[in-house]
């Protein structure tokens, strides 16, 4: 068995084309995902986490384009693939779940047909009946109690949670090894959110499916992801094993982020903590460290020079204050 | 699902019937309240007194107005449109039978041509967005929409007929003859332009939507994404537009037949306005209103069949 | 404004409007003056710079006068849109419920009414009344028809049918605004319905009104042209572009220019009006949606 990680993202840079020139939306993003591993990418709105996901599978919207870096899937650089070659990877080796299932599913086609279409595309030798069985199997795997009944429904006839389950079923129809979930729960009710995350965890454990979960909600990450990638201002600021990261964050931003989340067992009259200032926009990225303007531990060097991402043993941090895993 | 469909169709038909009646009523009132004698043109002598009364009674014009209103309607439903006032001895049904075939052929052929051109060009323009073809299509579409049918007929006749000698300056020799070219182009121009715009807009919308992005992410073939997912979603508004254009085409054929000298029912109807031949006018009105309503209903039903959100949402 | 479409189309239209208004000053001869000796003159052959028609009348003069007719019709359609369309839309959107449903039923009926058919029927009625009618009503109709030079059927049709799309657009706008916070705030502080409509709702609906008004203009112009073409509109010698095309069509084989010149003019006017409408639509659609 290969010890190479399933997914290696290397210095991925995506730019936005503007009249004055191209500005980076994500800059030199790097992280790995092992087989069956669940990695979360967290950050505020505008941190570039969704763009990272879209860049990985090459589904960038108009105006954005891949400028540098590689995305290696088992050693194969998928940023180089085009046309049918790319379509053979999408759905088959990498599945995607998007944020808003109402608009991300075809409104005029039943969910059964949509799932079947994916199955049939990647396994064209299946006969009709076999495809139907696959659809039923997938629907029940994602938690539908009576799959046969729901196969004939249209997306608008389902609740938000059911729609998202259907989307997940469709994303698994090609039997991928990696699932990218871009804010899969943000459009759902809180109780349903937990159900969907549990479902993803169950599927991951059961099939050895690697998952990249993009989210801004730290609460979802804690019990789910093996490792967490923290992004800010289009760059990766910290990577680490989730438990360790939460307990001992190295980067000041991570520390601030964790402090912001109120604890249910904290004192009732405790003031909510917030990180002062606003995240940078794409057009106004600072010269040095992207977090320097808001960092409580900022030094002169931070504003002048962008810190490199230092990695060791599955963890990484980009901060001038940190040397070899130890913060000064 | 059949009964749900059926209910929707019945509901739409029920809504359309009053519209037809309104058109009929308004036309009836306006026509009947026009002073003057529909028979004045028929003879050289001025018809007065007893002669007039005799003719009026023969044609049932001395009955009270509500009898005339209902009477004509009930007869019409059975296919009896009364006798023609200007063409003595002929019933409107005879005239209708002789001429309606030409009109319907003309309109339907034009609509088919319009749909074929409109949708094809629309799809091509979408695939090559921003290209030279796209811009040319935009320009031609704009001009087509600004040019009414009664201008296209003479202009095209001049171009192809007077200068080119390819088409006759009037008349109708059948659907596949040279004389059909000008009227079909004239009738098809506006719907083709509208369908092109709608197809382009609708398809572009569908192609840039989230669910198409999902289709790409699922690894579906480009061909499937374009023809199954995008077209199916994009075709509903196009169908609605087609219904409106079909209704307009039925009305426009009156003008086209008159201008191009085509012996269809539209020609007879316009002439009937001049000669005060009321039964022909009423018959034409009923026919036109029904066809317009039918186009609307058909378009709506088609839309509902294509877009499941419409049907179920209506009940909520 | 940096939008070439609006500036271009608007500018060209403004020029045409000016021509129409100053028509008598711009032509060498009055539009009705016949010169049978010089009929069918070519451009520059003696009678004005576009030649003359079958009766020797100056084509250029007639074109300009025809433009006046189109302008009058266009202006009238705008009045109809504002005077009928806006209030109906406001009422329907604001009152909601049964009133809204009823009004929208009427709007739907009006929008599906075959325009040309109604125009022809009205024209027959007006002509009949003018020619051989007796009694007060016929007198009124006759007077109005004379004063408008035969435009009455076109004007009536426009009044009856062309306000509907505006009503619909205004109603949608109002419905959207009705639930907005600032309207609710005004109501809860005691403002009357009328006050709220006037002060808070009205300023926000000008966008749809302007756009639908612009959209209606080409239809109105074409309807009048079609009616005049069928000899059911203006009475000769008053020129309308439609009438000129019809007159030209009789000599289509020998003098094709008689048809082509007014046709080109009509197409140009309609096209400019449509482009202006499109440009305005873009402006208002891209506007900030609060």
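A, B and C are the chain letters, set down in written order, and residue numbers restart from 1 in every chain.
Methods note: a contact is a pair of C-beta atoms (placed from the backbone, for glycine too) under 8 Å apart; a residue touches a chain by one contact, two chains touch by 3 or more.
All of these numbers come straight from a predicted model, not from anything done at the bench.
Student: Think of each chain as a node with edges to the chains it touches; is that a line, ring, star, complete or other?
Tutor: Looks like a simple chain-to-chain line, open at both ends.
Student: Between B-C and A-B, which chain pair is linked by the larger number of C-beta contacts?
Tutor: Of B-C and A-B, more C-beta pairs in contact link B-C.
Student: Could you state the distance in Å from the CA-based centre of subunit A to that of subunit C?
Tutor: Averaging C-alpha atoms per chain gives centres 57 Å apart.
Student: Let me have the rounded angstrom distance from the C-alpha centre of subunit B over to the C-alpha centre of subunit C, please.
Tutor: 23
Student: Indicate the whole-number Å distance between the mean C-alpha point of subunit A and the mean C-alpha point of subunit B.
Tutor: For subunit A versus subunit B, the centre distance works out to 54 Å.
Student: Out of subunit A, which residues touch more than one other chain, so two or more?
Tutor: If we look for residues of subunit A contacting two or more partner chains, we find none.
Student: Note which residues of subunit C are touching subunit B in the complex, please.
Tutor: These residues of subunit C touch subunit B: 109, 112-118, 120-125, 128-129, 131-134, 138, 218, 222, 225-226, 229-230, 232, 242, 245, 248-249, 252-253, 256, 259-260, 263, 266-267, 270-271, 274-275.
Student: In the complex, go through subunit B and note every residue touching subunit A.
Tutor: Where subunit B meets subunit A, its residues are 208-211, 213-222, 224, 228-229, 232-233, 236, 306-309, 312-313.
Student: Please name which positions on subunit B make contact with subunit C in the complex.
Tutor: Against subunit C, the touching part of subunit B is residues 18-19, 22-23, 26-27, 30-31, 33-37, 142-143, 145-148, 150-151, 154-155, 157-158, 162-163, 169, 247, 250-252, 254-255, 258-259, 270, 273, 276, 281, 285, 288-289, 292-293, 296.
Student: State the interface residues of subunit A toward subunit B in the complex, per the touch definition above.
Tutor: Subunit A reaches subunit B through residues 57, 59, 62, 83-84, 87-92, 95-96, 98, 100, 103-109, 117-118, 121-122, 154, 156-157, 167, 170-171, 173-174.
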